[in-house]
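Structures given as structure tokens follow.
Across the two complexes that follow, chain A remains constant while its partner is chain B and subsequently chain C.
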Partner chain A sequence: MMTRIFTPYLLVAPLMIFIAVFTYIPIVMSLDLSFRQWNFLSPDMPFVGLRNYEQLIASSDFWNSLRVTALFTVLSVPLRLALAVFAASYLVRESAPSRILRGALFLPAVTSTVSIGVVFSWVFSTDYGMVNALLAHVGLAKVQWLQDPHLALWVLIFVNTWKQLGYDVVIYIAGLQAIPQDLYDAASIDGGKRLHVFRRVTFPLVMPTTYFLLVISVIEAFQVFTIVNVMTKGGPAGATDMLVNLLFEIGFVLFDIGRGSALAVLLFVLLVFLAFLKSRIIGRKVHYEA
Partner chain B sequence: MTRKLQLALAAGVSCFLGTIGAADAATTVKFWHTFSKSQGEALNKIIAGFEKVNPDIDVEAEFVGDYNDVVAKLQAAIPARRAPDAAILEVTRYGLFANNNILTDLTPYFDADPLKADLYDYAREVGVINGKNFIVPFNSSTPVVYFNKDIFKRAGLSDDTPLKTFADISAAAKTISDKLGSEGVSGIAAPGQFARWGVVMANDSELVDPSSGEILLDKPNTIEAYQWMASLVSKDKVASPDGVTDEDKGRDAFLAKKVGIMMNSTGNYGGSKKALGDDLAVRPMPCNKTCSVPIGGAGIGILASSPKDVQDAAYKFISYAASPEANATWFAATGYLPINKMSADQPVAKEALATQPGIDVAIKSLPVAHGRARTTVVTWMRSTEYKMWEAMALGQRDVAEAMTDFAQQTRDEEKRAGN
Partner chain C sequence: MKRENPFLTAAALLAGLLFLFPVLYSIWISLQTVDAYYAGQASFTLGNYARAVNDFNFGRYLVNSLLVSGLVTLLGISLATMAAFAFARFTFPGGNFLFGATVATLMIPSHISLIPNYLTLAKAGLLDTYAGLILPAVSNGFAAFFLRQYIRGIPKSLDEAAYMDGATPLKVLWRIIVPLSRPAIASMALYIFMTEWNSYIWPLIAVGKEDLFTLQIGLARLYRINPGEGLVDWPLVMAASTVTILPVLLGFLLVERHLVRGITLGAVK
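Showing the complex of A and B:
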């Protein structure tokens, strides 16, 4: 009897311990550090109250990073989802070309982000890059892709979309395959055109997948770091300085781990708020069955 | 149990106990460094040489990235108690660790080491803060001017083209860009941070006064130096903006023979010689208002968290690395300055001096070479300088305004860090 009661807990215990050690405890420690002053090296960690939060909120760098991150999210997430659903609707058919293309699209998702960042920083290099070489070939002037503050963010959006698209497509394909075929047959009998069928049948029924991808894409967009650090380091002129890049800079370059932790806490609160907002605004409109 | 099985078991247990015994006898020194490719190979040779004469010490060397990466990784490793025993620390960045008691005071080791008398004055001085020695130099350098003789020739410039002032360098770079720009060749690589410091010193100024620690970022001569460097990119367009956002791109383009002139550390000599061969020429940094160059590079520090026996073993390695033989090998392979007065007499060094023209330019600059400030705020200043330089060089901020702002920010940070 006792074995039956305790066995389930024992079976989930390893995972719970893992999550506690690598997720919850660091969150609590980060919260504690956000109220202290520490440079990693000193044995002292004096309590400073809300000073780190006050300094962050008073800092123009923080508001710039928030603006850039929000802009990146607003521009990249709808683009990703739109491209993904469009590609998935063509690749949902089971055929050899379709399977090959799915594999090709998914390849960037499993490639090292650092490698992608290094390669694309050369591809978009002003004087030595492939893109400008192609532009020069057709008689156009060179573009300072990564040095122009108005363009650098778009380059990062392009690279991030290219990397993540395959994952979104695969998830959408699974969602599309779950839609009963007889609904399409009925629409076809009723004379529905392709776009009409997409709007009235496919899109509403793939809403759960869209909602899921929306949530994780927004979280991912707010946590983008590697391509920023590799390609632009937040420049030029702070045009690509996103929140996690600023967090890294404050904590690990400027040795102010207290302020870095405060930023991490603010980012966490922001993401929770956004998830709640999405749930209230969009979650209620999601259709879960045909 | 059969006899064969008994013998096999006994042999296995003996081997196992033997390995445990051997592992206990060797003291392991975990050493983080910043040298890859040809420099990494040269370091491995030095380590192999050290282990040969010290079979009871095992140096586990690990390449961890550049100077910034070492600092970032130490920050994570130290609180996690995963720090190495010894690490390469750049000469202006080690102050942060020394002032927080992370590094062992090497003064007792150094004072007792006969090697001390054999080191150049600059090598003895560069590791000292408040009278205590925290690092022993390993790879010391000054910036020099490299140029590609073939590119000069194609642009109609002779090998003797003067490069002694900012105007000289601008003129040569402009000629290269005008004549060879259509071939994708630019005049000069955007100067990296070490070279920028050298340009400021060549204009008779400094970023931070090495004696008093006074912030000099907003002094007229400093601003003038930055105005000249920024003009190479944004106004004269003789330097690629790619080298502004990523210094390695400027160097890589020079090695790929796409850039005529590069101001960079003498430590790049080995790699540059490999890439350009006989087309490589080396000149001293310009003397625009004065002849003065910064001493750069790094030294090896020992972390205070290591056990005493490991610290002793680590110092033995440091002392070996600074010995004439090892230092001469390092100099010949990389172009970094010799730190030991007797290194130049070693056969490998003599051969390098005889057969590698330009490798001695940095040595000849030593009379005008000066150590730089290493107060705690210098680490912050150097990290922030990258963003400031980017904004100025890409024409996004006025140089005078940006440097004045930068100076104020640095003073504020110095006060904050002091509190």
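Showing the complex of A and C:
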């Protein structure tokens, strides 16, 4: 064609510059900073080798965060997916009721997480909250939902599930719509009960979608921050101190740039490993031939 | 068309309202006077909104959020469309590599760039400025990827006819590709806007000056500083929360279908 050779480069250059400056170079910077000691103010930033990593791994905060984050992930992701596939199998048909419910379920997914955190702080607040008011109605005592270390994480899991469910449902519906209708017809001609059809037809055929959602939501669960920051600040007693919350505390409250970067690098390696796992799994035989 | 069962529709409506009840009820609380709220009585006032705007600067936060999200969307969609056009229509040395690097950003967790971006912007003197809020959010690999897929579906003969007539690549982009990609550009613009509107951790880090707070930061702080002697002033907090939710909520109701289509296409691809 008669276009000049550098046209495509000019077109991609602006995006590439932004990606380089704010996405790729920061990875290298983080790695470099993780080997240094710096508090953001002092004029020099001495090289300290692996000391930041050693301190991190020796600290109970780090292991607590890792445990809390893993717990949050292991509890919330299967819950979300199970609820979503169940809801989606009912809402996949085009009808007014299913459109209404899809809209209602999806709404929280596009709503501000800060607002949701604030609203549910009220829902679960001890003295004026909705949940305790309902409990009082049936004669039960007040529960300190967000102040009890054994309960706070469950509240966050509940709120996160409430918020993200609609996204999972929408993706599952797209996956279900790809399943040929004759498979259902065949199964019901064979006299399949609803549950039977679900187990033998729906569940296996929707497997690729499940894998996709599984990996996305695991990666996302490892990066949960906003809801923690708004509702619990990582408390009570570290019970909800997820990894990114710890990173925020070390980096931007204590201004320990070196140790914060070391934590960022560790979390990065973990997440890239999970993302890699995803591409492996997705590349493998979880797809079906229609 | 099948006839709908009105009973089922009503039941679905009820179930949907029940699911959203906490948010709906928070809007109700925002319309109560503080005294009536704590006395457990019903009342009606718009005073909490007036207080949020007059005493707690939420009008300013709203303008900041609109400005930042608007500019991020405008810049983000422009950059993504230009790059997508190049990736879809030109073969050039390094093109595949650069496209790969763009798509790979989808897998890079954003927390890794928090500290470095803070340092970069501090060095450039851009902390506590609008530019500092906007610049790190401008590049959007997903939008570039999505638009590239879409543009590839547009018949190439249209471009070629225009080149025959002596059009420049920019003219082809502006006159042919952009008009024909309008639905895709619209859903991506919407996606970028909503993501930026709800963004929290970066504004929390990049801005300390109260004048530059976005709604998310203002709301989180208002809830934290707890104005109202020990008791949380829930009607005020809920008014601020409603202001934070409402613009996106209205946008959502208008364009739900586009948004859902954009998100599912991205996921299923």
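Methods note: the second predicted complex is superposed on the first by the 258 of 290 C-alpha atoms of A that agree within 3 Å, B and C clash if a C-alpha of one lies under 4 Å from a C-alpha of the other, contacts with A are read in each partner's own complex, and residues count from 1 in each chain.
The rule is simple: a contact is a pair of C-beta atoms (placed from the backbone, for glycine too) under 8 Å apart; a residue touches a chain by one contact, two chains touch by 3 or more.
As the structure is a prediction and not an experimental result, all values here were calculated from the model.
Taken together in the superposed arrangement on chain A, chain B and chain C clash. When both complexes are overlaid on chain A, the residue A:Leu195 reaches neither chain B nor chain C.
Judged by the touch definition given at the top, the superposed model places A:Gln147 against chain B, while chain C stays out of reach. Contacts of A:Ala58 after superposition: neither chain B nor chain C is touched. Using the contact criterion defined above for the overlaid structures, shared-chain residue A:Val138 touches neither chain B nor chain C, since it reaches no partner.
Touch criterion met: A:Gly235 reaches chain B, while chain C stays clear of it.
By the touch criterion stated above, A:Leu41 is placed in contact with chain B alone, chain C being left untouched.
Judged by the touch definition given at the top, the superposed model places A:Val253 against chain B, while chain C stays out of reach. Looking at the superposition, the partner that touches the larger set of chain A residues, chain B or chain C, turns out to be C. Once chain A of one complex is fitted onto chain A of the other, the partner contacts of A:Ser125 extend to both chain B and chain C.
In the superposition on chain A, A:Leu15 contacts chain C only, with no contact to chain B.
Working note: chain C versus chain B after chain A overlay, options 23-31, 77-85, 203-211 or 239-247, clashing stretch identified as 203-211.
Residues 40, 121, 125, 128, 252 of chain A lie in contact with chain B in one complex and with chain C in the other. Across the interface of their complex, chain A is touched by residues 68, 72, 75-76, 78-79, 96-97, 100, 102, 184, 186, 240-242, 244-246, 249, 253, 258, 379-380, 383-384, 386-387, 390-391, 394, 396-397 of chain B. Residues 1-3, 5, 7-9, 11-12, 14-16, 18-19, 21-27, 29-30, 33, 40, 95-98, 100-108, 110-123, 125, 128, 130, 167, 170-171, 173-175, 178, 209, 212, 216, 219, 222-223, 225-226, 229-230, 244, 247-248, 251-252, 257, 260-261, 264-265, 267-268, 271-272, 275 of chain A are the ones that touch chain C when the two sit in their complex. Per the touch definition, chain C reaches chain A in the complex via residues 2, 4-5, 8-9, 11-13, 15-17, 19-20, 22-23, 25-26, 29, 38, 78-80, 82-83, 85-87, 90, 92, 95, 98, 101-102, 105, 107-120, 135-136, 138-139, 141, 144, 160, 163, 168-169, 173, 194, 197-198, 200-201, 204-205, 215-216, 219-220, 223, 231-232, 234, 237-238, 241, 244-245, 248-249, 252, 256, 259-260, 263-264, 267-268.
On chain A, the positions that touch chain B within their shared complex are 39-42, 121, 125-128, 144, 146-147, 149, 232-238, 249, 252-255.
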